[in-house]
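Each of the two complexes below includes subunit A, the first together with subunit B, the second together with subunit C.
Right after this comes the complex of A and B.
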């Protein structure tokens, strides 16, 4: 399940030669539904369609602890408790709806080549929800495409995140423990 | 869309999303099987 768009996803999927279907979620339906603010995620669903386990952010098939949970579950076992998610604050339903709407509006504007307006919407969404890495990375990818194609510059992202968080703390948007009043 | 999230222990609503290789994937068609959904972005 890919969260940007089909054209961005295709080279990765072709390189990985996956044997499972890949779907594209351009409009962020799954992040609204599940409430996650980062990827990569692993989500386990049982035969009745019940969500049984979820790890939002940092899920990887290179991590033995993640692989162990998946193998146990697919083998018919109990996945155990989900990792505790860091939730420095919780958005109210109206703020969440607004963040999701601005994220979607930005993607629509970008698809119309109105990139500056898209970034304005995403910045407004990020101000409401500063912990949201999905929004933050959308802005980075729009403003610094050379850091994402042909390869993703992870060191740049780590450095950038650190600097932006420091700026946000200095500006009083967030404290070191999160953003208790995200709309302030 | 309602702003309530689906948590562990709750049933996911039926979703239909476009497949990268064409057509659509309807999650309800996969009922009866245990699934791993892997979610990622190209950034």
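Right after this comes the complex of A and C.
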């Protein structure tokens, strides 16, 4: 998932020296198709192209339970039931299309060095879909690149999320408990 | 905003073989082509997050 395009993803891929294909989804094709709004995710697809198992949020090859599912599946076994999804979608198809459109427009504006306007579009998308951590982080990365490069400041992200949720609760967004934002 | 069953996260049974994207070098990538060699594991992440 990289809404700002392959140029942003390439340095990471080169550093990681991956041996598998890395695909850039700058237009959110897969998040729209699969209905997720947080990363990291793991999705298992059989040889017929049918989704067999998915874990949205918190998937990691460092977790033995995730590795076990992948190895069982690749060995021809049944991956079993998908984990209970922690990120239920609350948008209808029209709102979702609007969110996707604003994400794409924001990316176009950023490519034209019109970052303020890009962030305005992404904020509008986040207002429509306040549970969406992908959009939220896109805004953070645009406004606070120093918190993402050269190292990721996770403590800053947690504090930022806590503060934004407090503001949203105070503003009555998503009710008294705030939006159920997933944290990978 | 209202809950919409058809926009829930996909869990099982969805045909995803039509996905077409580009790789980090800008070259076309089709899931259908990768599937010719067998099952595929897709891992979604954002490098700097």
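Assorted remarks:
Everything below uses one rule, namely that the second predicted complex is superposed on the first by the 168 of 184 C-alpha atoms of A that agree within 3 Å, B and C clash if a C-alpha of one lies under 4 Å from a C-alpha of the other, contacts with A are read in each partner's own complex, and residues count from 1 in each chain.
We take it that a contact is a pair of C-beta atoms (placed from the backbone, for glycine too) under 8 Å apart; a residue touches a chain by one contact, two chains touch by 3 or more.
Since we're looking at a predicted model, the values are computed, not measured.
Looking at the shared chain after the overlay, A:112 reaches neither subunit B nor subunit C.
Touch criterion met: A:100 reaches subunit B, while subunit C stays clear of it. In the superposition on chain A, contact is made by A:44 with both subunit B and subunit C.
In the overlay built on the shared chain, the residue A:68 is in contact with neither subunit B nor subunit C. Of the two partner chains, subunit B and subunit C are each touched by A:34.
Contacts of A:152 after superposition on the shared chain: both subunit B and subunit C are touched. Shared contact residues of subunit A, touching subunit B in one structure and subunit C in the other: 1-2, 6, 8-10, 12-13, 21-25, 29-30, 33-36, 39-54, 59, 70, 73-74, 82, 93, 96, 134, 137, 141, 148, 152.
Listed in rising order, the residues of subunit B touching subunit A in the complex are 1, 3-15, 17-21, 25, 27-28, 31-43. Residues 1-4, 6-26, 29, 31-32, 34-35, 38-49 of subunit C are the ones that touch subunit A when the two sit in their complex.
Considering their complex, residues 1-2, 6, 8-13, 16, 21-25, 29-30, 33-36, 39-54, 56, 59, 61, 70, 73-74, 82, 85, 87-93, 95-96, 128, 134, 137, 141, 148-149, 152 of subunit A touch subunit C. Listed in rising order, the residues of subunit A touching subunit B in the complex are 1-4, 6, 8-10, 12-13, 21-25, 29-30, 32-36, 39-54, 59, 70, 73-74, 76, 82, 93-94, 96-97, 100, 134, 137-138, 140-141, 148, 152.
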